[in-house]
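Listed next: structures, encoded as C-alpha cells.
Paired with subunit B in one complex and with subunit C in the other, subunit A is shared by the two complexes that follow.
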Partner chain A sequence: MKVVTGVIGNDIHVVANRLMDLSLNARGYEVFNLGVNTYLEEFFDAAVETGADILLISSLNGEAEGWSREVKMLKAGYQSLDNLIMMIGGNLSVGSGNAEDIIPRYKNYGFDLVCHQVDLNTGLDMLDSYLQEHRPS
Partner chain B sequence: MTANDNRLLIDIGSTYFKVSSKDHIEQHFRDFNKRILDDLMQKCGKTVQAFAPENIHICSSANGGLSSLIIGLTHSYSLKYATNIAYNAGINIIDSIIFQDIEDYSIPSDLVDVVIVVGGIDSNGNLFDTRLDTYLSKVNYSNVVYVGNATDAQALSARIERLTVLPNIIDNRLHIVEEHLKDYLTNLYQQDIEGKEDIKHLYDITGNQIYSTPYIVSQSLPSIHGKFSVTDPFILLDIGGATTDVHYSKDLISDNIVTEQGHDRIVFKKLGVYKSRQSLIFTAENNEYAYELLMHLKVTENIYNEHSEKATKILMQLAIFLVLCKMSHYRPMYVTLRLLTMNSIVFTGGITKVLTEDDIKDVVAFFYRKILNSDHKPATVLDTNYDIWTLGAATLVSQASHAAVDHAGSGVTTNSPGAVNSHSGAQEQSTCP
Partner chain C sequence: MSQLQEERDIILGNENVDSFDFDEVREFVRGADKNLFISHHFDKADKMLVQPRGGFPTYEKQFALYEFFVEANVDVLPLTIDSNTRLNDYATAKKMLRLSEANEVDMLNGYPLVNHGYRSTRKMMTHFNHPVSLRHGTPDARLLIEIAIASGIFEIEGGPITYLLPYSKNFPLDKAFLYWKYVERVCADYSTLNLPINRESFGPLTATLVPPSITIVIQLLEMLLSLEEGVKSFSVSFSQQGSMTQDIVTGKVTRALAEHYAKQINCEDAKIHLVYHQWMGAFPTNRDSADQLINMSTVIASMVGADKIITKTREEAVGIPTKEANAQTVANTQYTLRILSGLPAIVDEQEEAILTAEVHAIMEAVFNDPADTLWRKVFNSIKNGIIDVPFSPHIINHNKMITIRDSHKNIRIIERGNVPIPDHCFAYEKSCCDLNKDTTSIVNDIIHDIGIMQ
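Moving on to the complex of A and B:
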C-alpha cells in the first residue's frame, strides 16, 4: 500500500515525521514522505502522481484545523482521489483540546481516521484495522 | 572588455544585434528587410572581416525561442518539474494543461514546437486515457515527447504517432530528474536555431556552433562574482525587444524542486519593449499600480501612444516593475521569489543603454514600497558593457576547447563544431561545477 505523508502548513516539527516514516516502512507500506512545511495541494498532488491509497497528515503546532476546513473543497477538484483514505494525527487543536469534540469535527472535514494526541503506534494499529475492515486484501 | 584576445562575439536578438571584440562593442537595430547576414555585414562588415571564422562566436535569440505546451497531472509535480526544465533549456511555454481537465482547455492556434506529456511515478500507470489522443489530434505541433511514468510509455507510443519517449522526470521519491528532458529540449532548440534559414547563412562567417542567448547567459552565472560586485542571492533581468528573461538564485525559492544547479530561469514571453510592446502595454493597463507608477514618473497614459526616446524609457521602467510584480506574491506564477531576501538585481541587455542607474533604482524602490511595503533596497548592478554575455560566451568557448582536448586525449573523435552533441556535452559540465 502506498502512503503519502508529511507535516501540514508552516509547521516545522520534524521529529514525529521521521518516526512516522520509519514506522510506516517497518510495517511494509511504500512511503512517500513530503516532510515538514507541506501545503494541502501538494499532499493531494503527490497522491495523484504516486497513485497513493492513503494520505496521512501530521500537524503539531496548532495549524491543523485551519487547513482541514479546506480539505473537502480542494479534494472535490480532483477526479482520481475518491478512494483515498484520509488520516490525520498529532496536536489537532490549539491547547490540549478534547478528543470527543475534535474527532467528529475532523471527520466532518473529510478525514476517515482522526488521532488527536494519540501515539504513533496506536494510530498505525488503527490504520491497520481500518484497512482490514474496508480494504480486505 | 573581457572577450578573450582575438575573439569576436556576436549576439543576434529579435530587435538588434551586438558585436563585441576585445576593445570594441557595437550595437545596431536590425533591418528586417534584409537577411541577418547581409544586415550584419553592411553595418559591421569591417569588424567581422578582421576575424578568422574560428574566432567568431555567435549566439541568437532572434527566433524568440521554441514554444512548448505541457500536459501533466498536477501543478506541484509534473507541470512544475517540466516547466522548470523547459525554462532552463531556453524554451518558452505557451500553456500548461492539467490532464484531468484537458477537455476544458482551448486548442493553441499557433504551431507548437514541442508538446511535453508528463505524469506519475513509474509504478503508477493508466493515467492518460484517449482524451489525450483526441486533444493532440487537434493541436498543430512539430514534436511530442513523453517523460511520464514508465508503465504508460508503451501504450502511448502505440497510440501517438512520432512520440519520443524519454525516462521519467519524476523519480520514485517524487524528486525531479532533469537531464534527459533538458538535453532533448536544448538539442531541439539548437537544431531549430541551426535550421532557421536566416541563421544558417551566419555559418558563412563562423566556424563555431551557434548557441541560444539564454543558454550563454546561464553559463556566466556561476562566475558572475568575478566580474561584478553581486551579493547572493540575486536575479538577473534581461529585458529584450520581444521577451524578458529572468535568471534567479535558487535560494530565492522555497520549493520541492531539488537540483544541483544554483540558478534557474523563467521567461516572460510577451514582455518586451519593441516586438512585444503592445502586450507590455496591455499588461500595464491591467495592473492597478502601473498607473501610480506613471504618475510617479510624471507622465500620463498617453505615453503609450508615443514613439519617442522618452516613451521607450518609460516602457522599460514599466517592464522592470511588471516583471518584479509577476515574480512576487502579488501575482503568483509557477514560482514565487522571496524578493525581500534578494540582495542584488543585475540588469543586462539593451535596457542598460537607455536607463540610468537612478532611473532603475527609482522603479525598484517604488516596487518594494508599493507591492511589498518595504524599504528593502537590493543593490542594482548594470551590465552596461555586455560583460555577462561575453563571460558566458567565453566560458563556453573555454569549455569547448577543454572538451576537445579531453576527447583527443581519450582517442575519441570529436564532433564537428556545428554538431548538436557538443552542446549537451558542455551543458553537463556546467551542471557539475
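Moving on to the complex of A and C:
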C-alpha cells in the first residue's frame, strides 16, 4: 500500500510528521512523505505521481479546516483519484472543539477517516481496520 | 569600490531605509563605548553573563522592557526581531507596527528593527549602554545586521545552517551560505574599528533529540565559516539536553574542538566563547515547575562552565512572556549564580572520547568533500546526509538519523543514516539502549523522550 503524507498549509510542526513516517514504514506501508508546509495541490499531484492508495494529511496548528473546504473541488480536477482513501488527523480545529461536531464536518469535506486529537497508533490502527473492511484482499 | 561595498550600497538602497550614512556609522562604531561590546564583558567578567530573550513592536514597550531588565541586574540585553522582518517582508512589518502604535495591541512578535531605523534605535541602545544581542532567525539578514550594527548592537546571532534547518522548509541553503558570508564580512570589517563584533551560532537547532555530535559539528562549521572571513570573536552554543553528564561532556568537547579547529585555519587569535541555553524543548505549563526547571538549567550551566546563559521564563508554555516574568527570571538566575559555589568537577573520559571521535569523523568527512570552498563542502555534506539534523523541516535534510534517550536521559544514536559515526562509537551508543523493542514502542519512547520536562 502506498501512502502520501504531509502537514497541510502554513504549518511547520514537524515532529509528529517524522514519527508517522517511521510508524507507517514499520506497518509495511510504502511512504511518500511531503513534510511540513504542503498545499492540497501538492498532495494530489504526489498521489497521482506515486499512484498512492491513501492520502494521509495531518495538521497541528488547527488551520486544516480552511484548506479542507477545497478538497472536493480540487480533487474533482484529477481523473485518477476517485479510489484514493482520504484520511486526516491531528488538531482539527483552532481552540477547543469536540470530535462529535468535527468528524461529520470533515467527512462532508471528502475525508473517509477523521482523527481529531487521537494518538498516533490508535489512528493508524483505524486505518488498518478500514483497509481490511474496504479492501478485502 | 570593492565588490562588498557595491553589494552593501544595493542592500542599503532598500526603500525602507532612510538614507544610510556609511561614514557616520563608521565614526559611531569607532567611538562607541566599550560597554556596548559583549566582547569587552566576556574579557572582564568573572561570572557567567545572563541574557534573557525579548522583543516588542513599539519603541516605548522595548524601552520599558529594558528598564525592567536593568532593574533585575541583566548583563546582556536581547533584541528579538518580529517574524515579518525575519522573512524580509518589511512592508507588512511597517503596517503592523503602525497598528501596534495606534491601538496599544502588539501586532508583532518582536521589534521591527528595519522599520524603526538605526537613528532612533541607537538612542535606546546608547541610553542603556549595555551590550545587546540580536536574536532573529533570518536566512537573509544582510539589511537587518547593517541596521543593527549602526544602532549599536554588537552581537549578531545566527548562521546559514542554524537559522535555516530548524525554521524553513524551502529556503535555498546555498543562498543562505552566501547571504551569511556577507554578514561575516561586514562584522569583520567593523571589528577593525574598535572592539570586535561578536558572532554567535544557534546551537539548539530543532531542540528535539539532536545528538551532541551533530550540534558540535554544526557549531564548529559555522565558527570556521565566520573566522575565515575575519571575525575575531565568536560564541558556540548548545541547549540543555536532558542529562547533566551529557551537557558537561558536550561543553568540554565543544571548547576543546573549537580551539583545535580554529588553530587549524590559523585563527587562534580569535576569542571563542561558550553559551548555554536553558531548556529549549516543550516546557511545563505549571509556572512553579517551569521555575524549577529554569533553576536547574542555571545549575547545569555552571557545571558546564558556560560564559553566557540565555534564559527562559515561567510563562514559556503559555505565550510571549510579560516583561515582569522575563525580568523575574533574570533576577532569579543572578541569585542562583551568586549563591552557587564549590561545584564538583565531573569528568567522564569514556563519554568524552566517544563524542570527540564522532565529531572528528564527521568533520573529516566534510573536509574530504571535493568542493573547492568550505561553504560548498558543508552544503554538499548536508545534501548527502553526512550532516543530518533530527526533526528539521527542511527539504534538504536527510532525516535518516534516529535518536532516543537511554535510562540516564542521554541522547543516543540508534540509526546513523549517512552520518559517518565510527563503528565503535555507534556500537557504544546502541549498547546504552534497549533495542529489543518494535518500532511502535520506539516511537512511543521518542514521544516520551521529547516531552521529558513536561
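Note that in this section the second predicted complex is superposed on the first by the 137 of 137 C-alpha atoms of A that agree within 3 Å, B and C clash if a C-alpha of one lies under 4 Å from a C-alpha of the other, contacts with A are read in each partner's own complex, and residues count from 1 in each chain.
One rule holds in what follows: a contact is a pair of C-beta atoms (placed from the backbone, for glycine too) under 8 Å apart; a residue touches a chain by one contact, two chains touch by 3 or more.
Computed from a prediction, not measured in an experiment: that's the story for all the values here.
> Check whether A:79 is in contact with subunit B, with subunit C, with both or with neither, and answer first, second, both or neither.
First partner only, subunit B.
> Kindly classify A:18 by the partners it touches after superposition: subunit B alone (first), subunit C alone (second), both, or neither?
In the superposition, A:18 contacts subunit C only.
> Touching A:120, do we find subunit B (first), subunit C (second), both, or neither?
In the superposition, A:120 touches subunit C alone.
> So in the superposed three-chain picture, is A:40 touching just subunit B, just subunit C, both, or none of them (first/second/both/neither)?
The answer is neither, since A:40 touches no partner chain.
> Which partner does A:48 reach: the first (subunit B), the second (subunit C), both, or neither?
A:48 sits against subunit B, while subunit C stays out of touch.
> With both complexes superposed on chain A, which partner does A:88 reach: first (subunit B), second (subunit C), both or neither?
A:88 sits against neither subunit B nor subunit C.
> Could you look at A:32 and tell me whether it touches subunit B, subunit C, both or neither (first, second, both, neither)?
The first partner, subunit B, only.
> Looking at the overlay, what does A:71 touch: subunit B (first), subunit C (second), both, or neither?
Once the two structures are laid over each other on A, A:71 reaches no partner at all.
> Where on subunit A do the contacts from subunit B and from subunit C line up?
Subunit A residues touching both partners: 37.
> Of all residues in subunit B, which touch subunit A in the complex?
Within the complex, subunit B touches subunit A at residues 73-78, 100, 119-121, 123-125, 170, 173-174, 254, 256.
> Quick check on the complex: what are the subunit A residues that touch subunit B?
32, 34, 37, 41-42, 44-46, 48-51, 78-80
> For the complex, give me every residue of subunit C touching subunit A.
Of all residues in subunit C, those touching subunit A are 167, 169-170, 206, 208, 390-393, 395, 399, 402, 438-440, 442-444, 446-447, 450.
> What residues on subunit A touch subunit C, complex-wise?
Residues 12, 14-15, 18-19, 21-23, 25-26, 35-37, 120-121.
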